[in-house]
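Okay, so here's the structure we're looking at.
Chain nomenclature is as follows: A, B, C and D, assigned in order of appearance, with residue numbering initiated at 1 for each chain independently.
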Amino acid sequence: MGHNSFGIEFCVTTFGESHGPAIGVVLDGLESGFPIDFPSVQKMMDRRRPGGNALGTKRDEKDNIEVLSGLFEGRTTGCPLAMLIRNTDQQSNDYSTIAHTFRPGHSDYTYQKKWGIRDYRGGGRSSGRETASRVAAGAIAMQILQGKGISIQAGTVQVGSIKAQERNWQVARENELSCPDMKAARLMEDLIGQVSQQKDSIGGVIECIATGVPSGLGEPVFDKLDAQLAKAMMSIGAVKGVEIGDGFEASCNRGSLNNDQMDSTGFLSNHAGGILGGISNGQDIVIRCAFKGTPSIAREQKTIDESGQEQNLSIQGRHDPCICPRAVVVVESMMAITLLDFYYQEFGRK
Amino acid sequence: MGHNSFGIEFCVTTFGESHGPAIGVVLDGLESGFPIDFPSVQKMMDRRRPGGNALGTKRDEKDNIEVLSGLFEGRTTGCPLAMLIRNTDQQSNDYSTIAHTFRPGHSDYTYQKKWGIRDYRGGGRSSGRETASRVAAGAIAMQILQGKGISIQAGTVQVGSIKAQERNWQVARENELSCPDMKAARLMEDLIGQVSQQKDSIGGVIECIATGVPSGLGEPVFDKLDAQLAKAMMSIGAVKGVEIGDGFEASCNRGSLNNDQMDSTGFLSNHAGGILGGISNGQDIVIRCAFKGTPSIAREQKTIDESGQEQNLSIQGRHDPCICPRAVVVVESMMAITLLDFYYQEFGRK
Amino acid sequence: MGHNSFGIEFCVTTFGESHGPAIGVVLDGLESGFPIDFPSVQKMMDRRRPGGNALGTKRDEKDNIEVLSGLFEGRTTGCPLAMLIRNTDQQSNDYSTIAHTFRPGHSDYTYQKKWGIRDYRGGGRSSGRETASRVAAGAIAMQILQGKGISIQAGTVQVGSIKAQERNWQVARENELSCPDMKAARLMEDLIGQVSQQKDSIGGVIECIATGVPSGLGEPVFDKLDAQLAKAMMSIGAVKGVEIGDGFEASCNRGSLNNDQMDSTGFLSNHAGGILGGISNGQDIVIRCAFKGTPSIAREQKTIDESGQEQNLSIQGRHDPCICPRAVVVVESMMAITLLDFYYQEFGRK
Amino acid sequence: MGHNSFGIEFCVTTFGESHGPAIGVVLDGLESGFPIDFPSVQKMMDRRRPGGNALGTKRDEKDNIEVLSGLFEGRTTGCPLAMLIRNTDQQSNDYSTIAHTFRPGHSDYTYQKKWGIRDYRGGGRSSGRETASRVAAGAIAMQILQGKGISIQAGTVQVGSIKAQERNWQVARENELSCPDMKAARLMEDLIGQVSQQKDSIGGVIECIATGVPSGLGEPVFDKLDAQLAKAMMSIGAVKGVEIGDGFEASCNRGSLNNDQMDSTGFLSNHAGGILGGISNGQDIVIRCAFKGTPSIAREQKTIDESGQEQNLSIQGRHDPCICPRAVVVVESMMAITLLDFYYQEFGRK
């Protein structure tokens, strides 16, 4: 199984670099006969794409999807569905100054060490641009899950030390951070603006909730649903932490508080985040992902070049001061991809 | 690939229930010719086993390993090495009262929903006893890694709201929590004692550090080293959160603080926890895992039975008020298993 | 995924050497609630075991199965079912003369080259004894398939140049070769007797038929049902060729003869062997496997030892002059293991 | 792992249908820094493509490869290399008569049964066109293997009952069948011409030899080199049988004849086809694949349509009377893909 693939019965393979001809994704294992709503897929793509909001990079990619296979008369065939997204606004010359210098906080150093060669243009394979492939896959997975009664919603619940105090998911779609607390959203936006002016970036936390997930998804021991979700989320570039339900808060609490008791109407709380023993219990799946501040900052930093010489580097170009606004839809996508895989494993494709 | 297997080039498969005849593990992909030091393996087993320390359950298992295959004249052959651990001190009668009632915070409910049948004796497959198989595997992986200059150390750094303020790994082996701060260790022990007397349990955080890991382990995109480590750790029963390097703290900070700058001597800090772009960068790998309080508590809790009737349940028997003392070696084992797999992928077995 | 594992949704992992303490097998992915008939499993084991018939080796192994996990009150739980078979009649001293000399036609040379160490006692991991693990797995798979209306039958259809002219599967169970042509069976037995007296061995062909397989098993392109069956069969030690339906005969024929035409009652012939485009078509699956003569022969052969010195070797000990009688049940087992895996992939476990 | 993927450390994923926008392939796991010679890749593509020789279909596809990713300044980067081949000469109208009727010997029936929908244009995913993706992958694998001293050569050794008597690989490139016996090649070509005039097709056998393969490739038990090669070859559309070394001939022979004896200069024969116990022994790997006659024939055949009504069908359009001339390079490609995967597993990518 390739390292650029994810999933067993629904297997997603991505390819492509930031400044190559194209990026793309192959979906293997989709059920047949499903009519994909591509305008909706494109809307999810737009939520991620650069230039899609006021807070982010000014790179302008249309991110139009071309379907190459697996579709017949608008329906899935059961054969692999491949999608292609051309890179159009690449501006490779932006990156000449960092061709041989390692950007702090980036994979430049490790790629060079591992392979002895790297496509330095825009970070190549390690660029956040790769996540466009995940969103194309996730958008389709989400449509299929919706038909099974499962819906997924994510939003920014923290930027720097500003935390959302509410979970009003109605308002989440009305601000660019998808923050479920409008007052906090405004404060977060202000903070991001300040940070950007200071040539810096800032981290944040995205929360994702899946509703309507039936009990039974996940396998004991190694392939627990939460274990695979943790992998899914940690595989997103800037994520440094993942927690399920009460997460790290649970480590401060007592068992008597953390246990979700039951009565004849069902569970009386959801500290577990919808997963017990690695298997979904029918409650909402709740996961949170900690994002570091974008490593590309205009501020001068110490680093070295390929020959080991010390350099002072100020990264120019178009970069997001906070990745959360665009990462929300990536988190939703990885949730959808993971859930659909476990759904097919448990209930088949019929 | 089975759901009870983990890894590609070093693949660990575990089997067995808490109160069945035995548990065991198959290691596939070990290099050949390696002389395993089984007394050392047994020592690691003893750090995990019940009855091994004053803070935990009184179940007394010797956890003696029987090697079934893959060894010839004391050396690995390259063929699967299978190990068996008999269950000897089972006391199945302890569990009769919960045969048809779902323990809050346990997998009883989800196992029943998923399979319509479950081995309720001691939690069956979902029991922490399964981790003995992981430790047997991890102990061998750790020996092999040591030969490659890689060492692994974990310890409890938080119990409830008591946090270790130091990282003195010398003292970590001198207290039962493997806590790297002796003063904090004493406070943690007191807290665990109190909690136990209150028929309750308490959560905690375990930190694990791998030193000497060469740059180049891990793959971009889905099979990032941190993504696979997150899966490895989240697959441990009571873990609800995982973070790498600064983790959730990084989400509060600015890029300028979080980026690890470099000079000609190397990295100037390690906020990243030794991984950039999913690939090890030669610094220490640092990971923390949040454990919930053990769900088995003697305090009365509301729940339901298999027929949906409400029940009040007080769980009797031998349970750990805090799982951290015994989980430290499990975290070390999952780190070792994951690193050895990536090591073989990158550098081969020679 | 380990190299000693086979299958995706029904994953079989075997371990063990001929003269180690035990061999065994882990079945991961079995449906839950299935009541296994172990006396029937044991009967299939007896068909394979040494000493089980008059034509084979005199090694006497009882091959009693001990179930270690995955069973509760006689039913499968959905968790891995592990089985252990102790090696009891090992007579390791038989093998001292070949400890450092490569037996022609055996894996001794390649194991030594690959790993620099090998368990020479009885061929170690490469021994036909490993197939006992497969039969234990296959016997359970076959029981489950029977409940789904699928039955599997294999028999020897060729020994040397003697071919079965009939396919009377009634008589197949009445001779030790499971040959569906009683007259041919007698000739085959005579030939095996002659060959044995001449201190030689002889090859043969085993045919296997699966009836009642629903249409839809198998996947296009790489995971075709016939491709996976070919792998399954070629993974049996002495198999040198595999063919589906008309097989090599089809290469001599015209498309007009080979195509299976249809009318409203269904297919008018079965040249395809039940598989079209890699997917079962509802007809009988028909496969044939070519076995070489057992390489262990008492006749003197030229070979070399580990230091490269030339040696003349006469292999002593208990060996089968023709492996077919005991391999029939191994072929059936690999068919059952493969079909159950595809069945679960297509129809789920419910 | 997706069903349209093949391999572990070198993982090939193909996608695309005969008459969709494009077909393509993703290569995951290639070593970094390798300078690919694309004109040579294109030459291998030309050996497979329709219209490439006088004996085959008249469909004219240029099969130009567009590289989408994984290449930087002409060298592999270690990241997935994706290639796209546009379908240009599709003539979809050719296929309208068979839109709802099952062609005998094709996958039309099984695809419909499995998925309830199928892209009937040119056979969709089941078309031989999919093998163009394999050849693109195989051509690159072959270049890398050549750098390691491994070369691969295949040719037609049988058409109908005409067999090559010689193995003169010099002449194989001088006839369209790549037959290593020029006299036989002429007879084969005549036979194919006759068969074509009779609106029929004919089967054949392709032999493939890999030279320079080091000892040690392959794993015992399930992932034997010959087992995986059997899967690789049987996954090619029209293949109905696979044999290694003496193959089915070995089943007629005695062990004393079949065993490859050794002296101090090495093996004295190669009945085993270069593999012992599933592991390469340093001799030539020899494999043969039986191809059925192309199922698409102009002759009238009985069949049914989707509603079960009986139909008489004469397949029009451009079809190969014998697939061997174009399949030779596909067999070479699957050999190369399989060997490179095992090479990386055994020796790493450095």
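Definition applied: a contact is a pair of C-beta atoms (placed from the backbone, for glycine too) under 8 Å apart; a residue touches a chain by one contact, two chains touch by 3 or more.
Quick caveat, the model's predicted, so the values are computed rather than measured.
When chain centres are set by their Cα atoms, the one at the greatest distance from chain D is B. Interface comparison, C-D versus B-C: the higher count of C-beta contacts falls to C-D. Chain centres here are Cα averages; for chain C and chain D they lie 27 Å apart. As a whole-number value, the distance joining the C-alpha centres of chain B and chain D reads 46 Å. Between chain B and chain C, the centres computed from C-alpha atoms are 38 Å apart. The set of chain C residues touching two or more other chains comprises 1, 3-5, 8, 14, 79, 111, 114, 125, 220, 346.
Within the complex formed with chain C, the residues of chain B that make contact are 1-5, 8, 11, 13-17, 20-24, 26, 28-29, 32-33, 66-72, 75-82, 84, 111, 114-119, 124-125.
By the touch criterion given at the top, residues 1, 3-6, 8, 14, 102, 104-107, 109-111, 113-114, 125-126, 130, 158, 160-161, 195, 200-205, 215-216, 218-224, 226-235, 237, 240-248, 250-264, 268, 271-273, 275-282, 290-297, 299, 301-304, 308-310, 346 of chain D touch chain C in their complex. Residues 1, 8-9, 79, 220, 345-348 of chain D are the ones that touch chain B when the two sit in their complex.
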